[in-house]
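Pasting the structures here.
Okay, so chain A shows up in both of these, paired with chain B first and chain C after.
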Partner chain A sequence: MKILVLDDEKIVGERLKASLEKDGHALETFINPVAALDRIREKAFDVVITDIRMDDMDGIQILEAVRKKAEKTKVIMITGYATLEVARESLTKGAFDFIAKPFKLKEIRGAIQKAEDALQAEKN
Partner chain B sequence: MRILFAADENPYSADALLQVARLGENTWADITLLGVSSRSRTMDGKADALIKAYHQKLLGYFDSNTSPYFQVKPGAGGKGGIHKQIITRVRKGNPAKEILEEAKNQESDLIAVACSNKEDYAWEGAGNVPLKVARDAACSVLVIKEDKKINKVLCCLDHDNISQESLEMISQMVTLFKADLEIVVLKDSDDVQERIEKKLSWLINYYSARSIFPCIELVKLSHLETFISQQARWGLMAMWMGKKSILERVFPSNKVSRLLKANESSVLLLR
Partner chain C sequence: MPIVLISSSPHGSGRELAQNLAEKTGWTLYSRDQVVEKAYETGIRLSRLETSIIKSPVIRENLARERDLYLALVAKTICETATDGNLIYHGRAGHLIAPGIPGVLRVGLGSTLEMRIDRVMKQLNLPQEKAREYLEKLDEDIEKWIRYIHRETSRNALAYDLFLNLQHMTLENASTILYETAILKDFRLTLEGRNKLDDKCLAANAKIHLARNPETSGMDLGIRAVNGAVTVTYMPRQEVSAASISKALRGLKGCRENICTMAETNILWIQESFDPKGENFDQVTQLAKRWGAAIELLRLDSEGKEIFLNHGLENSQSGPRSSQMDTGGVEDDDIDTGYEDKGLSETVEELVAIGRSAGGFSISGAAREVIDAVKDNNNYSLIILGNLFLSKGHETSTRLTRELGLELKEKLKAPVITSGELHSRFLFGKKQAFKLLGYVLATFLIYWLVFSFQDPILNILGGELHSKFKWAASIGIALFVPVVAYVYSTVTGLVLKIVDID
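Then we have the complex of A and B:
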């Protein structure tokens, strides 16, 4: 699976890259939302994992941009400050999953597996 | 996140259910509602009925158009993402043991349990179940005290060894309760001042960058018990009890129980 990870905490991207590449996924990690969005416009990803609260742009904007550019791409939102408003907005704007920090790797792995299953089901 | 809410039949459990609902909906957590019946056969139906009632109450809390616990209706904008589970379980036996066993089986990230304001971390008529769960669980535990409004989160961290998970769980609680944050940094008598200040500065920067502006206080480990009994009458006391934490290393479990009993607030034990 081609996965883009966007989190302004570098440690999050590094941790996910180290683990998920071992599972056979191809990861690109970003800490800058603008750079990530440029990359999303250039390349089709199966899954985008994005933090919600960042300085230049929030994860909801990333979600909207991805839904516009590549409807099939599954967007997994992660957040350290889960509020009802953001949770509801993520749901209604079509996030595939929403994972609150602190998360365990198995949660991310589980969400990616479900995204893979959903993509496969859409193909068939 | 997977939350296990262990409930008894008292009003404090019913009240705490709403806090769990809020946390669940904010974080899209899978929720397990657990009731424990005693070994007597006559209790079985009671626990089943209780958990069914809590399940209905929980579902009634959510808006079916905007909650991850319902299928998103066509036209609502959702695109068929993952739907989160609410499951109900009833177990027989010793309540604390059964709660811990269920949390282990479910691989819960957080056990939430409510308790009476009248007694020390106890379930009325069933002894100190919340205290035992808080003390012995392998995962984080939130003990919600009856009638305690959470305006402030008081958080005890080691300056030397702060896990990312603790910082993140605290952020979630501060956001959930719209509370102020006070961080108590624990120090041993032989700690180097410069090292402590460096870590404090890092902590302030970490939270400030996230629009959380904590008060920070240094407390000697030997004064912690007194400090807790003086300060923790408001809100939520959060303590990191991970394997590498000072509290876990230097406090035997009976001392942890004493610390909890000295505290009048709700408690979050982070692991």
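Then we have the complex of A and C:
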């Protein structure tokens, strides 16, 4: 799976990359939302994992942009500042899953697996 | 000098009403959003608590302690912000955040779904159908939140002092009505209310303080404050940490003195599996509430391969944390031991949520391991034995449970009963009501017979019949007195159960 990770905390991308690449996924990590959006426009990703609260742009804007550009891409929102309202807004706007920080790696693996299954089902 | 707590449906103009009132009056305005910000600053993991509502089941993640901390933080914020007695607070379930404080004005605000849909379409840039779906789902989420966090429902009319409906009223007029109500004498914070608010603030402060202290975090403590004195109740097995509690509270702002006391009443419940939704759980917690007792759970894994496995739940991760900086919130997985706790953690969570937890642990082995594991200095008031030795067959299981009961009774010097006996021994239900009725009737019948047939009775006891059949009187009394005593004591016992004196 081709996965893009966007989080303004560098450590998040590093930890996810180290862990998920072992599972056979190809990861690109970004800390800058604008650069991440440019990359999304250039390349089709299967999954985009994005933080919600960032300085330049929020995760909801990224979600909306991904939905417009690549409808099939599954967007997983991660945040340490979640509220019910934001979680529900994300899901209504087409987020595939919503994971609150701190989370265990198995949670993100589970969400990616579900995304993979959904993509497979859509192909068939 | 009022404290106004406003609650409205999401996107239901609660914020606008609060702002309008604040502009009219100059009273301090505070919102739930600010509490949420404060929670993050304090390190309370509100994220998982919030999203757990969407990702049910709620109680799988040791969130009961987060819930307690959140409520403490809300209470602390409200009390500290309302120092001059004036406050307008608005936000989710706002009307429920200061229970038991007299003089607080709890306001509900209603508006139609269509009005809210219009607002969501504009604010979140959603088409009408999506806005409707968003609101309907969010309303359900918030109802679940209120049930989990406040153990209430938003539809309870008694939880509001005033409910304003914006369907046929402008926001300006609603604000005027709210102002006129808020300045009524009924909603002035009395001295009693102020003292209660200060004590609530102090207790909340102490809770957060202890949760943030590495030596005391993760402990389930009963905390209350009266007139500046904080009383912390801990479980007997936490005795070694009592000094840390006192030390941690020293110097706490507003704390005149702190008293640490060990809980006097403790129920030990031993089973192979637990279910917080089961009938037994309801019965045990009902009894614990009546006695003011905490419940300690011991799960026996009689098929476990290891001789002894202690799986303490007390210090499970909870409370404010600072380690998130190191990992960015991406944590390594726990080592999968393949261990199934058969409802133990879920039940401990539920007990924490209702303030009755004395912790829980799990052991592998047989009766000997149970006896060795329980400590005889824990002041148990009752030991309840539930489903045990299930793999041994019914007869052996009953025998082993009985033998375990006898040994525990001997070691702990406390009454031991099975969960099947719990209801008949300590609780009052339909069956007991019928039993009481029957025995009351029997008592009346005995008295009626005695007073209606005095002549023949006296005759048997000391008259003509007595001289002829002396043995008959002795046999009659020997039979009659125990029957009367049994019937009468049964009635008395059941009546005492109704008035909660066991």
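We adopt the following convention: the second predicted complex is superposed on the first by the 124 of 124 C-alpha atoms of A that agree within 3 Å, B and C clash if a C-alpha of one lies under 4 Å from a C-alpha of the other, contacts with A are read in each partner's own complex, and residues count from 1 in each chain.
By definition in this document, a residue touches a chain if its C-beta (ideal position, glycine included) is under 8 Å from a C-beta of that chain, and two chains touch if they have at least 3 such contacts.
Just so it is clear, the structure is predicted and the values come from calculations on it, not from any experiment.
Undergrad: Chain A superposed: clash or fit between chain B and chain C?
TA: clash
Undergrad: Answer with first, second, both or neither: which of chain B and chain C does A:V34 touch in the superposed model?
TA: A:V34 sits against neither chain B nor chain C.
Undergrad: Does chain B (first) or chain C (second) touch A:G80, or do both, or does neither?
TA: Both partners, chain B and chain C.
Undergrad: Between chain B (first) and chain C (second), which, if any, makes contact with A:L16: first, second, both or neither?
TA: Second partner only, chain C.
Undergrad: Just checking: does A:A100 make contact with chain B only, chain C only, both, or neither of them? Give me first, second, both or neither.
TA: both
Undergrad: Classify the contacts of A:R88 with the two partner chains as first (chain B alone), second (chain C alone), both, or neither.
TA: Once the two structures are laid over each other on A, A:R88 reaches both partners.
Undergrad: Between chain B (first) and chain C (second), which does A:K114 come into contact with in this model arrangement: first, second, both, or neither?
TA: In the superposed model, A:K114 contacts chain B only, not chain C.
Undergrad: Out of 43-51, 115-123, 187-195 or 475-483, where does chain C collide with chain B after the chain A superposition?
TA: 43-51
Undergrad: Of the residues on chain A, which ones does chain B touch that chain C also touches?
TA: Chain A residues touching both partners: 11, 80-84, 87-88, 91-93, 98-104, 106.
Undergrad: Report the residues of chain C in contact with chain A in the complex, numbered from low to high.
TA: Within the complex, chain C touches chain A at residues 10, 36, 40, 45-48, 50-51, 53-55, 92, 124, 126, 130, 133-134, 137-138, 141-142, 145, 321, 324, 326-334.
Undergrad: Would you mind writing out the residues of chain B in touch with chain A in their complex?
TA: Residues 1, 22, 25-29, 63, 65-68, 72, 76-82, 107, 109, 164-166, 168-169, 171-172, 175-176, 210 of chain B touch chain A in their complex.
Undergrad: State the interface residues of chain A toward chain B in the complex, per the touch definition above.
TA: Those residues of chain A that touch chain B are 11, 53, 67, 71, 74, 80-84, 87-88, 91-104, 106-107, 111, 114, 118.
Undergrad: Residues of chain A touching chain C in their complex?
TA: Residues of chain A touching chain C: 7, 9-12, 15-16, 19, 78-85, 87-89, 91-93, 98-106, 108.
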